[in-house]
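There are two complexes below, and they share subunit A, which is joined by subunit B in the first and by subunit C in the second.
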Partner chain A sequence: MSTQDDKAKEVSADGAAGPIILFFILGLAASLVLGWVIFPKLLYSQKKQPIDFNHVLHVEAVDEGCESCHFFREDGSFSGVPKLAQCVECHGDVQGENPNEIKFVNDYVANGREVPWLVYARQPDCVFFSHAAHVKKAEMECSTCHEHIGESEHSRVYEENRITGYSRDIWGKNISGLKSNTWDRMKMDDCAECHATKEIKTDVETLPWPLNWAPLPYEKQTGNQASIKTVKEACFVCHK
Partner chain B sequence: MKVGRRSFLSFIIGGAAGTAITPLPWKLMDDASIWSQNWPWTPVPPDGEYSYVNSVCTLCPGGCGISVRKVDDRVVKIEGMKGYPVNAGGICVLGLSGHQLLYSPTRVKSPLKRVGKRGEGKWEKISWDEAISEVAKKLSEIRSKGESHSVGSIVNADSGTIPNLFKRFLTAYGSPNFMTMPSMQDSYKMTLQLMQGVNAQAGFDAENADFILSFGSGIIDGWGSPVRMFKANSTWKANGKKVVQIEPRLSNTAAKSDKWIPIKPGTEAALALGLANVIITNSQHSQKISQSSGFESFKKLVQNEYSTDKVSQITGIDSASIVSLAKTFASASKPLAICGRGQGSTPGSLNEFMAVHALNALVGNINEQGGVWAVPEVDYIKWPEVNLDETATNGVQKERVDGAGSEYPHAKSLLNRLAEVVNSGDGSLEALFVTGANPLYSMPDSKAMKKAFDSIPFVVSFSSYMDETASNSDLILPNHVCLERYEDVPTTAGLQKNIIGLTRPVVKPQFSTKNVGDTIMLIAKALGGSIAEAFPWDSYEACLKETLGAKWDVLVENGFWSDSNSKTVSGEFNFYPKAMESLSNFSPVSLEGSTASYPLVLIPYDSIRLANGYIGDPPFVIKAVEDTVLNGKAACVEVNPKTGKELGLTEGRYASLHTPRGKAKVKVHLYEGIMPGIIALPRGLGHTAYDKYLAGKGCNFNELIGPAEDPVSGLDAAWGIRARLTKV
Partner chain C sequence: MKEEGKHNKKAKKYGMVINLDNCTGCGACMVACMAENNVPFKEDESDKLDSITWMRVYKLANGESYPDADICYLPRPCMHCEGYHGHSPCVSVCPAVATDYNHDTGIVSQIYTRCFGCRYCMGACPYHARYFNWWDPVWPEGMTKYLSPNVSARMRGIVEKCSFCFHRHQLAMDKAFLEGRTELEENEYQTSCTQACPAGAITFGDLNNPHHKVNQMVKPDNKHGGRPGDPNAFRLLERLGTNPKVYYISSKEWVRRAGDNYLANEDRTVQQH
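So, the complex of A and B:
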């Protein structure tokens, strides 16, 4: 009766609808594989640290735990990854038989050359970050952002984003951007998670770092309502 | 199965739908935005350990303490040093740009030997050994001819170990020609010598004064030690102390003063004596000081020759203002009068200095709180006498080429006379050393100076930068810049405290340069004999440590050494030294040029944003110069709108400026703050050397003016020159 219906049936009968769906599914599947599996592999290059560093071994050997090597300088700034000068204090000569140490002493200490460590947590240059404010003032644990790195026996592979040049740790291992631990990601949203909720503890006079760069929100606080939420003018607290 | 167009589209749609639920587009978007913020050509300063090193700035005679902020071994910022007795944490715009000079492209990176014609800019890099032996060879030649006295040196100052090493070198070598860059301190020193009989610098207890009468001194334009004066000015403002500025132009200092009194330029001495007359007539002067010698003669002088009406006529200031100014000045509890025009970089008329000093003496503030102190030089350089050989003994007894000590017995150095003496053939030099100075830029009539330099066969520059003088020399033996070297900085311009500051290396030398102290010792050692023996030290650092003795540790610890008891010297005050006799008939320092051809009077002005000495403006500072001073590539000449109207000149228009000494193309800036008939140009512009940020901007005032010898001191007393301004 209806010629149109017939035609549709004819098409169907020809088996033409099957390939369309099939190809849709193929396209869908291919893009999913591309987006979830191939893309991350292409996006990040794999780099090895110049020296395989054993944190466990070092933590056992030093007296003051993490702070033996990662300390605050007198002016409140954070030393970050140790410089050769600190390492030399113990590793002036080869101490044991560990091939990594031998390599370190021969290649770097002997030549007075800094180790080109690949820093997993390096933020873009436009980001201001004060360790003192977070560790000393807010009394946060190192592991909140840096996981339990002190328990690692080997340096893991450093994955570098081929577009931005930054470490994969900033976006997070999970390509979808989801995280299960606080240290899984280091994007601005992750900073904002705390900054949107936490209250500031003390007033500006007692800040443990030089006052001349006390960030604006601290100065703008009003009574007990003060928070570390970023106020409107506060972009330049974190961004250069 | 047929794969058609539809299947293909379906594949694409499936792919698009799938992609949207993968992280790919979202992650790429995020990465692209980060990538765009981190272009590879965006400079990213490397991070590192922050540290501060305390030192003393030597960019001007101010001698401020500085705290230099470093990231690892890189200077990133210069701040004022807290607690330093000169600047107490403050810093000026030049000082805070000091690191641009450290990393400047215009630095001389190794010893250079001229290969082309002089001033052509063709150089050959040579080693330090070659450079030293080249100088030694030349000096030996000159000495063996018995011409040792024809070697001279131009040094930035005459106190401190570096100038003294040069002095010692010349003495041991056999030459009296140690010359220094002139400044108002020369005039002040001579004034103190003539009127108080003391050998001392004038120090001003400015912070404690409560009425400041400034005869054209740019208190906030860089006079004295600039940061210290800025701070003093703020203290006066905060405490309601009064500042009266007397000058023909509404300078920044005048604008910020409590009262600006425009005066006919060059008549300041008459005003000072006119004020003295009113004070004496009203018996407002200190009774104690009236017992001093020469008081009666001085009284007679001012009463006969400087009556209020007469002074009013000379200066153009109405009589009532003169009387009321004299009364307020004398009735203030701690009045202080200062002089030295602008930044005080020219010595000025000795009469003016003596008249102003007499005014201070009248109100009894000599060596008193809030007054003028005679500060003796810190006596720490106690080197053994130089053993002179025969050549040296003969050489040092010869007359100086500039006539200081002979023609002008009170003068120690008269660099302003050098060009004229050499160019007129009355004197000659075979070799000349220049350090810490840029005379081809900063001496009046710089063209004549260049001509004089051209006739000196061997010119050695120790400059760290390729400045005008260095680029016209034969050999450059570059000094470290102040952030790389040790040097002592004794009591600075106008300071009333006895202090020594320590300039010390903040970073290691960036290039193949040497401390000029070491260089001069190496030259001496290469010459051998008694010259080498005069320098028993292994290095300049060793010499400095030994010279400072126990003070060295204090200097290293605190950055400065200061005498716990402020010392002053006093001699008998003489109101009327012989030198003052010429004031019995007042005539201002005459201006070069005839009124007919040059109807206007051109005066210079100084700005804290324009460095006009050895150092030129670094890029940060030249950026801060207003466009009423430097407009595009042209310097602006300030013209009163009335004068502008007469000449048919409008704002921003190009004009041709002629003086008897030179000409320049300038832009007109109509300004109510300059007296009619007078026009003003900024000092510190018009460099031909240095980098693209500074060279070729504006014109050099020193090319337009010539020196005028003060009849008593022999120092340069010129304050302006006649000029003509025409439309172009």
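So, the complex of A and C:
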């Protein structure tokens, strides 16, 4: 017994705590670097747009601003990224000496092939987004979600999440999820941010569970809220 | 127009009236529904136990022998039960808020990304209108190009059901917003099965709107759980109090009796509540 006690004393007196703490700090630092710097780099693949598009040049040349190319169709749907047919109206032949235009006309217009644009703002399959409701009814600016894209001279790199296949614009550039502009992220919480503060009937539950969630009394409908479960507007408004 | 404007303030209650006298049992509604809503199918569809059929045509028989034998076909979508104040059977049991009742449209929603597949709703639904995905959907090569982009495909392990083609409502609203309206015309929002029925047996519209055909056909009595005013109209399992929004019309008494469980000598027309 006595020899074991002596040995224990020897170990603790050895000053082993120093290396252990150092090891812990180094490990922590390594983990942080791995999680905050290396993992995000690995998570997103970097893709270039097939054509480097200059918005400034185009906005100057067209008459109706953004709506010259990004317009509503008669059935209420939104055209989004223009099809080749729109571009051909001006770019039937090469007009200048810009290598991007020459590439566009030779590779796509000449072959009648659609440009495989990478859409930064593409939402997951389960999301229903109505441009008509936001732009026409709520009279929101395009830049609220899409940044001042009309002022860009080059197409930025498209980053794709290798696991989900979604654009990085959905999660946002900041890996910690912090944002300073309304267009920095396009997650459900960002939709909810607006839907919760604006004077509109729509309201969205955020994930995870709100603290006040509980089965609600069914006896009466409260106010003008449409949904039975959330006493807010139903999830079906934006989900499909 | 003025009268319509007055009505606009009221909530919609989209519902369906199916005239069983017209239904030939052809199954076009089932096919249209599957195509419209990206409903997956299995390698062996002859095993009907776990087939997914948002709209399903049942065959009823009166059990008599010749010459009194008679049959009737009964298409069954989701009934979009209102219950009492939106207390429909499936909505009240869902622990995930994956299914919900909307007072603005009267539609029982199903949020696939929210559902975790406990299947309480399937147990609660007296109409067997809900289906479970036992497998991930697999379409033959190239067939994915035929899928509707307006309806998301469902993964393994979750429940799905008829939505009254709610995506069509969303798209119709888009058009309305573009034209500066917030209200839809009757013909702007119709379900896929309604439009596919070659016999015109299915009618769809707002049960609250007296200008809509569905309202005129069944004259629902909203003060009494929406029970039909028309003597030939009935709802399935009326006496459960689920207050469904799908009404059936039949000129045959045995068909109307088949809609619920009655004692042998009970009078169907006497209201119990």
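Structure notes:
By definition in this document, the second predicted complex is superposed on the first by the 193 of 240 C-alpha atoms of A that agree within 3 Å, B and C clash if a C-alpha of one lies under 4 Å from a C-alpha of the other, contacts with A are read in each partner's own complex, and residues count from 1 in each chain.
Quick note on the criterion: contacts are C-beta pairs under 8 Å (C-beta built on N, C-alpha and C of every residue); 3 or more make two chains touch, one makes a residue touch a chain.
Predicted model only: the values in this text are computed from it and were never measured.
Of the two partner chains, subunit C is the only one that A:235 touches; subunit B does not reach it. In the overlay built on the shared chain, the residue A:177 is in contact with subunit B alone; subunit C does not reach it. Of the two partner chains, both subunit B and subunit C are touched by A:77.
In the superposition on chain A, A:25 contacts subunit B only, with no contact to subunit C.
Look at A:125: by the touch rule set out above, it reaches both subunit B and subunit C. When both complexes are overlaid on chain A, the residue A:133 reaches subunit C alone and has no touch with subunit B.
The wider contact with subunit A, measured as residues touched, comes from B rather than the other of subunit B and subunit C. Of the two partner chains placed by the overlay, neither subunit B nor subunit C lies in contact with A:116.
The contact surfaces that subunit B and subunit C form on subunit A in the two complexes overlap at residues 75, 77, 125-126.
Within the complex formed with subunit A, the subunit C residues making contact are 11, 83-87, 91-92, 94, 97, 99-105, 107, 109, 111-114, 150-153, 163, 166-167, 170-180, 182.
Those residues of subunit A lying in contact with subunit B across their complex are 15-16, 18-32, 34-36, 39-40, 43, 73, 75, 77, 79, 83, 124-126, 161, 163-166, 171, 175-177. Of all residues in subunit A, only 72, 74-77, 125-126, 128, 130-133, 136-137, 205, 213, 218-221, 225-230, 233-236, 239-240 touch subunit C in the complex they form. Against subunit A, the residues of subunit B that register as touching in their complex are 1-4, 6-8, 10-19, 21-24, 26-28, 30-32, 34-35, 37-38, 44, 49-50.
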